[in-house]
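Can you read through this structure? Questions will come right after.
Chain nomenclature is as follows: A, B and C, assigned in order of appearance, with residue numbering initiated at 1 for each chain independently.
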């Protein structure tokens, strides 16, 4: 909890500032960024992104990576769409879809952890495999009619308000995940493993079990993302959601999760996802081309990773300049506490 | 040493940060336009191929005469889901009208309906949406004439004439205009004239890229050895097919025709690999779309059969199905491909 | 695997070099055998497979992939990865085609080849800059550059495309031309394989690449100029992708903004299936070629037997996972003693700036 409070003061406040900045600038430049219509559609668009990012965060925190989330998204979406199109009971179809997402995550986990294969390689392969299976199922076709349950889950508002139901659902997920990662022993293990797998092993943490669990979580969240995608866009097509991988990874890194694992917070990821969605919306309103928006996200990712080491260097430089024995001692103590 | 490294890193970071702002700023802006004019937004199936760039140009020039500021933008791949985002952005930005060539009619429908509910007028062009999502559809040329022209171009070159098996090398399976045209071809085949021609397969590559079109064609030809004819109603497909036939030196074995971009097809006509293909003027289509949008915004056009409006001196009439035809298809042969004018 | 052999001076005889350590010989020969078997069976059972036109199409397509895969292999050997090769190929294809359009005479091919290599190299350096200066893990850095370069590619194409009429004759004719009866594409692929193979096996650069891949921490202690090598190997990878772009123009005639998209997984799969281990530290250029050949053949067979055209991605994905698993399992038996040593070094030593690619511990900065 201490780490949480500590981090909230630093990285996350920067994110909040950026969000406010984008809102102000965007509203001033186009005047429609904060209209309720735009906020609603932006929020709905960000739901898929946030869902993927929430699942990715624990995996990256343990210094693994999971590229296959978009493949799982596509596969689950296609399966649910195909089943409901053939008359299967909606809830059964959803259940099957989510079960498949768990299996996808489990496969990743087993291959990476038990076989000790590099996560990058495995999830690159499973990304292709899962997406490929979605192509085999649906070929080039698209499904466009869905049961109203799914549609309302993905696109309607909570009764009586202007807030989309999916956003509320995601906030609940984020809260749960936040509690798990920041308030339980499991969560502490996640960070410990990210810090140093060997040290975690020697401390008696069930490293394998924790790592497999993070992959399963990532698979499950990807499946839920697929379901919400169906409801929001009302379309199921093989390879859907493929363009969400970069934004999802960016949201996680921008949210303060170190690319090497060991640090980060869930609130940070939520803020980062919101920032990204707002930014994309502002760029879109300002008539940025599709590729311009994607490039902007690419640059943002670079800045997000490049900034912490740079800011750390700057802080060190400042401290060294005002060096008195006490300050230096403090600096040494606080830098070891910060970790990165 | 360490200081050197951190200086390099700092400089690199600053360079990257600046570099990140510049291209993004250059690349994005598309919004300049006459003040006081009504903003409308044109969304192609995907950006990057000449037909849509031409349609946008037509919309801009004709629109300017009518007081419309025709903005243009769309996804980089034929993704209907991405089109939905562009539609939503246009609505949120306060644009009064949306012109769209749909990647998938069913997918864009909810967004278009929502747009209309917000008072935004929708005119489709090139590839239609579901009727509930738009007021008027501007087609490049009528489906009936496309289908007939394709079959005539193919049949007349077959040996013996109008006899043989053929495939259609199409685009993504969800493209609504492809689906409509192919359906018409299938219906026309029942006519007496084409009774000896047989459609063996409709090939849908996974994407609109040349590489996928080529490999899909290769697979289809290998799987159907009795085929002697190929109709490709997409500019990407016919160009890829012509290239494939040329490099494999089998131009004489197949009759290739369809809808093509004259600029792309010129070398293949010179080499006699392709003898004829058709297209219509996309710039003209863009102009008619702009005129239609202007009329719809003025309340003069509601899509009822028989209504009419003027466009650049020509009277356009609304046909059944809220459809307006922008012109006629032009058949290109070696003789006139150089003077296409578009 | 070849951890030991990579740190010793290259053996004198070429044969010994090719059939280096025991494991190496076994995996490559078995792959060759597999390819021969698959080809034989397919030729015997599928009439369409054994036609000359099918073979020549297959080999030309494979050649293009193989060239880019050779570059990718270099990065994988160094325990890095490059996801942006497809976009680099696309940018080079358009720009080189566009530029050589204006150059006539024998200068054309020279400029074409030189420009494609140089432009690709520069774009590759962009990747290395992010990895080195900002200490980004290769996977994330190249994910970012993939989107940026794709955007540049679209911008450069400017809503249009490069038409066949604008492509100079020497380039458009390259695809169908043959030198001594063998297609030019195959010649280029073989030359690349020999040159890069030579670079990897016989130069200091090559040895350092293997050292970096086998054991990054030890490499630093051994005096390997890590930063210089990083820039060099990504430049090499980019250059190969650029050359692939030149051949792309010849193969497809038209170059639009979709050139090279979707190639990234194919190229990585080719390298990995061919024997370049994703653990780093082993493999060579011919592995990439073998892998491209095998995958290309299987893809071709799938098409001819009318199994869905959509099976391609599944095939590549599964192939990567299987290849990684197989090589891991086999190599673990040979590697165990060395790995314990490496682990000891790792717990003592400095950082591995490559998240996700290592399987030994999660030590970090």
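Quick notes on this one:
Here, a residue touches a chain if its C-beta (ideal position, glycine included) is under 8 Å from a C-beta of that chain, and two chains touch if they have at least 3 such contacts.
On a predicted model such as this, the values are computed, not experimentally measured, just so you know.
Two chain pairs, A-C and B-C, are compared here, and A-C has more C-beta pairs in contact (counted per touch definition above). When chain centres are defined as mean Cα coordinates, B lies farthest from chain C. Centroids of chain B and chain C (each the mean of its C-alpha atoms) stand 35 Å apart.
The distance from the centre of chain A to the centre of chain C, with each centre set as the mean of the Cα atoms, comes to 30 Å. Contacts with at least two other chains are made by residues 9, 12-13, 16, 23, 27, 47, 76, 205-206 of chain B.
Along chain A, residues 135, 139-140, 289, 291-292, 294-295, 299, 302, 306, 309 each make contact with two or more other chains. Touching of two or more other chains is recorded for residues 130, 133-134, 150-152, 154-155, 310 of chain C. By the touch rule above, chain B contacts chain A in their complex via residues 6, 9-10, 12-13, 16-17, 19-20, 23-24, 27-31, 47, 71, 73-76, 79-82, 84-86, 88-89, 91-94, 104, 106-107, 109-110, 118, 172-174, 204-206. Those residues of chain B that touch chain C in the shared complex are 8-9, 12-13, 16, 23, 27, 47-50, 52-53, 76-77, 205-212, 214-216, 218-219, 222-223, 225, 236, 239-240, 243, 247-250, 263-264, 266-268. Across the complex, chain B is touched by residues 48, 53-54, 56-57, 129-130, 133-134, 150-152, 154-155, 157, 159-161, 163-165, 175-176, 251-254, 256-259, 261-262, 303-304, 306, 309-310 of chain C.
The residues of chain A lying in touch with chain B in their complex are 30-33, 35, 37-38, 41, 45, 135, 139-142, 144-145, 155, 233-235, 237, 239-240, 243, 281, 283-296, 299-300, 302-303, 306-307, 309-310, 313. Those residues of chain C lying in contact with chain A across their complex are 81, 130, 133-137, 139-141, 143-148, 150-152, 154-155, 265, 268-269, 272, 278-279, 308, 310-321, 324-325, 328-329, 332, 343, 347, 353, 355-359, 361-365.
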